[in-house]
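Note that chain A is present in both complexes that follow, paired respectively with chain B and with chain C.
== the complex of A and B ==
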């Protein structure tokens, strides 16, 4: 167990190092953006003097690393700077609520696609080359590279336009919270589910096939154990490990998908916030959003890594039988 | 060749997929000459006309522009960018992944670390932010940025296949013969790893379509007046309740192309790598 703890520590360490490099990359990327921040704040009619004054006050003419240092120091204190486009509103006052919305949407999608994909993947794997397998595998293949907005548009046309069961956009009315409007989550979450289903179910199917053909399963069959018991008690345990890895690896797609889905539905999350930030060239807001997405993504990848290590005794007890 | 035909017979879906892909390529080249309307022409008497009205086979959008023409002209840019992207990202992946796997040691460690860092920003977020910052995307900038975002994926695959070949006897023989590193990597190892690399490149083609369409949808793809499938969807999103065809047909166009390419790449991997 001791070695497991040290893995945890080294993972956290490399996570921090990665984040430092990423923050530097993000900061220098935004430097490339054409346009003058002072001009953006004061508008086209600003005089040369007032521009100079603002640049001085904000330290915009300082060397690159001074400004980077100031930004990072602020981020560490939890101060993400002020939004330019929204007239100097502190970013942290708007960001966290939106992050909460996005995470809740991601969680909803997660709760739908993980069990569905695993169960259908197991069925496909067990019924290899039968009709059920063909249908599930084909669906997975078809949805694997389907952009979220395509599945989203098809879902909207069916469930919102034609059947009128669900709202056509996912906006939260002013003065209400997300929890009073849970129905707006359904279509966005389902749109994300399609892509993830493709990856996860296919992985689950192939790892199930490998496990079902392994010696220990044959031994269990020879012992005369019921098939259901073999599948759930013996096979699934090992067949789940690669699936966990693939879920972790695809968290990146999930976050990209969130931006697309939030834009499609007008859902007030950090994805649509980042979209607005890019469209309005709001430098501090872009930096804050990208950094935060990176942090959340890195944390979720690390969690799946650690979960994998924990669930796999061959890694948990390092030095044991390989 | 006989083997391919035999495999095609066993996978009728792959035949359909190939026909769909060829159909799109044909439409992209020759389509515009059959059309009754150009993609920018505004039919002011038939705005948001449903499919079939006044020779608009798939209807018109809010400005009275012909949806079919816009879809067909839009297929050109998406096919071009996606094709270039899958080729460029595969080449860059081979160069980087092969060198890392071949030279190993510090170079490999540096490679793996940098890939970890590049991978820690989701590819769509990375390309969207960079393209948004650069402004006015062109075919060249779109291809380059998406290819860079794909490098971690393609380079890791290339590195993996190189590592599985590296210890083969023919590589050692070439080394003893005193061949140069470049020769060994590209004249000895590369021909032996073509199978998995082609499989990866065709799968990459599907992801490129997905990515390019999504970037267009997010408004950082090719700029108007060039019609773009993703952009058509977001442009017409506000009128989805009144004119669903304006959104549905471009979405279905993307779906048909992406699904066909996915099936095709699955077929390729079954043909080139042993059937599971």
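== the complex of A and C ==
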């Protein structure tokens, strides 16, 4: 178990190193964006003098690495700085509420698409080249090929416009919370499910096919074990591993992909926040959002790695040693 | 396998619990006005442009406002005002008005608001205008005198500007202005969720007991205009400001929704006077001869000329009282080519046109004038940038540009910003002694008819040698039919206090 712990530590270490490098990249990229922060704050009528004063006061004239150091030191302390567009308003007071909403949306999507995709993937794999397989595979391919903004619009026109079961726009009414309005989650979560379903079910199907044709399954069959027992006790266990990798790898994408879905539905999450931040050139807010998405991406990748090790002893115990 | 089974069961249980709650419906008998806006928040006045600030109009209040129907001045926090020579202005202030924090509104607050315009740390947009105020004299708690450096007969109109809401002298706007804005207005901010929504309730101690007509004002900050319109269509909001003509066309077909245009906005096509090629008036004239206002109206806004879209070659809206109706010069490609040849461009010329691509009508207008002018040999290279980049990086320093300008109730305000040789926003670099002289005369002239004469003279000069083509486009607001009496005058400030809901 010690070696597993050391794996955990080394993974966390490399995660921190990755984040440091990425934070530097984010900071430099935002630096390249056109627009002058002082001009943004003071507006069109600002004089050269007042611009210079403000740049000095905010340290905008400092060398690149001084400013980067200041930013990253703030981030480590949990201070993400102040929004430019809303002067004097700390970013943390805007950001965390939206992050919570987005995580909740991602989670909802996750608990819809994971069981559905795995179950259907297993069925397709077991019934290879039968009608069920063709239907599931075709649906997977079709939904995967549709971008979220297309499937989203299709879902809106069916469930919100025609059937009027669900709201068109995922806005939380003033004075209420997300938990009082869970119906606004359904359509955004389904649009995400549409995209993820294809990837996951196809991966599950092909790994199921490989496993079902392997020698140990044949041996189990020859032993006369019931088919259901073979599928769920023997085959699925091994066939799940690649699927988990795919799910984990896509968690980061899922969070990034929320930008499109949230904007489409007007959902008050981090994706739509990032969109507004970019529209209003709110540099510190852009940096905070992008950094957070990176952290989530890195964390989900690391969790996948660790979970993979946990589920697959061959990785957990190097060379079989205890 | 067990582990996975456990994970799956937990996940499924969670889903079931999650959706078992269902949506809570809240019924209330309160009258509420719900607005979806693309503006991402409430903004402290002084430093931002008009539309961004428009929402605060409900929290703050002005000395005077403009009647949205007649265009006349209406007393608000000032009950009346007088001036004999245009140099000393005396305001009588409304008694018994309180700020939302309970403190009384007095002359001290007016003084603070005026003096704040000169604070270098604020970077106030009205700094230049109020620099003319030499001294603010508090006569008593409800009387204040402003002593100006020189006579300014239309000075009063400055107080209708969106940046001139009256602030409390005792409140810390620098740190609280964004999250807890506070004024004497008809609505009080109850809660704001940044970049999401704001909840305003009726000011029960508002000085006019009849107003506001609704109990609460709900503002949703929705970045996407299509999402805002969907909210209107599904009855989740009642008002969506700043929609595009394309959305208007769609909504025109729809029952229960009306699109109104409370006022017109200018789109100034600036032909910069000291840069090639427009430093030659013949080139400017040639360009004007290539224009076709009817085509512009149809392709920019899908509207007919003079029914929503207006056109002239000066600084003023066609609907304003000082406008002089000079007939359109007519489209004449041959004449344009001749003028270009005379100016030394027999084979045509190429020029960069800068504009804000994300501003309403920006893309359409630049495309249209490119096509129209191409026939005479103009080759416009379109340089579109997002509005903030355009304004901060290029504007004021390019040979040709298109900029959106809100009209001013007092036209002389706009003239001194944009067409005086020393104006801070003189985008076309107009430098014409005759124009400067007339602008100065307009600002100092007390007699209305004489002033009107100067305005007309100025427009004739603009027609002959001006640096601008002015395409006027409608500001469009979509309203649900439940909305009664929506008012928004030329100051761009919506007056929600008069609005009622069925």
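Here is the rule we go by: the second predicted complex is superposed on the first by the 319 of 322 C-alpha atoms of A that agree within 3 Å, B and C clash if a C-alpha of one lies under 4 Å from a C-alpha of the other, contacts with A are read in each partner's own complex, and residues count from 1 in each chain.
Methods note: a residue touches a chain if its C-beta (ideal position, glycine included) is under 8 Å from a C-beta of that chain, and two chains touch if they have at least 3 such contacts.
On a predicted model such as this, the values are computed, not experimentally measured, just so you know.
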Chain B versus chain C as contact partner of A:179, first or second or both or neither: second
Kindly classify A:225 by the partners it touches after superposition: chain B alone (first), chain C alone (second), both, or neither? neither
After lining up the shared chain so the two structures overlap, which partner does A:103 touch, if you call chain B first and chain C second: first, second, both or neither? neither
After lining up the shared chain so the two structures overlap, which partner does A:168 touch, if you call chain B first and chain C second: first, second, both or neither? both
Contact-wise, after the overlay, does A:157 reach chain B, chain C, both or neither (first, second, both, neither)? first
Just checking: does A:149 make contact with chain B only, chain C only, both, or neither of them? Give me first, second, both or neither. first
Per the contact definition in the header, classify A:30: touching chain B only (first), chain C only (second), both, or neither. first
Determine, under the contact definition given at the top, whether A:53 touches first (chain B), second (chain C), both, or neither. second
Spot which of chain B and chain C makes contact with more residues of chain A, would you? C
Once chain A of both complexes is superposed, is A:275 in touch with chain B (first), chain C (second), both, or neither? both
Overlap of chain C and chain B interfaces on chain A (superposed complexes): 34, 160, 168, 263-264, 275, 279
Looking at the complex, which residues from chain A come into contact with chain B? 14, 18-19, 21-22, 25, 29-30, 32-34, 138, 141-142, 144-150, 153-154, 156-157, 160-161, 168, 206, 209, 251-253, 255-257, 259-260, 263-264, 274-275, 278-279, 286, 290, 293-294, 297-298, 301
Of all residues in chain A, which touch chain C in the complex? 34-36, 39-46, 49-50, 53-54, 83, 85-89, 93-94, 97-98, 108, 110-112, 114-115, 160, 167-169, 171-176, 179-183, 232-233, 236-237, 240, 263-266, 268, 272-273, 275-276, 279-281, 311
Mind listing the chain C positions that touch chain A in their complex? 1, 3-4, 8, 11-12, 14-15, 18-19, 21-24, 26, 40-41, 43-44, 47-49, 120, 123, 125, 127-128, 174-179, 191, 193-199, 218, 220-224, 227-228, 230-231, 233-234, 236, 385-386, 388-389, 391-393, 395, 424-425
Where on chain B is chain A touching in the complex? 13, 116-117, 119-125, 128-130, 132-135, 206-207, 209-210, 213-214, 217-220, 230, 233-234, 237, 240-241, 244, 247-248, 251-252, 254-255, 258-259, 261-263, 266, 276
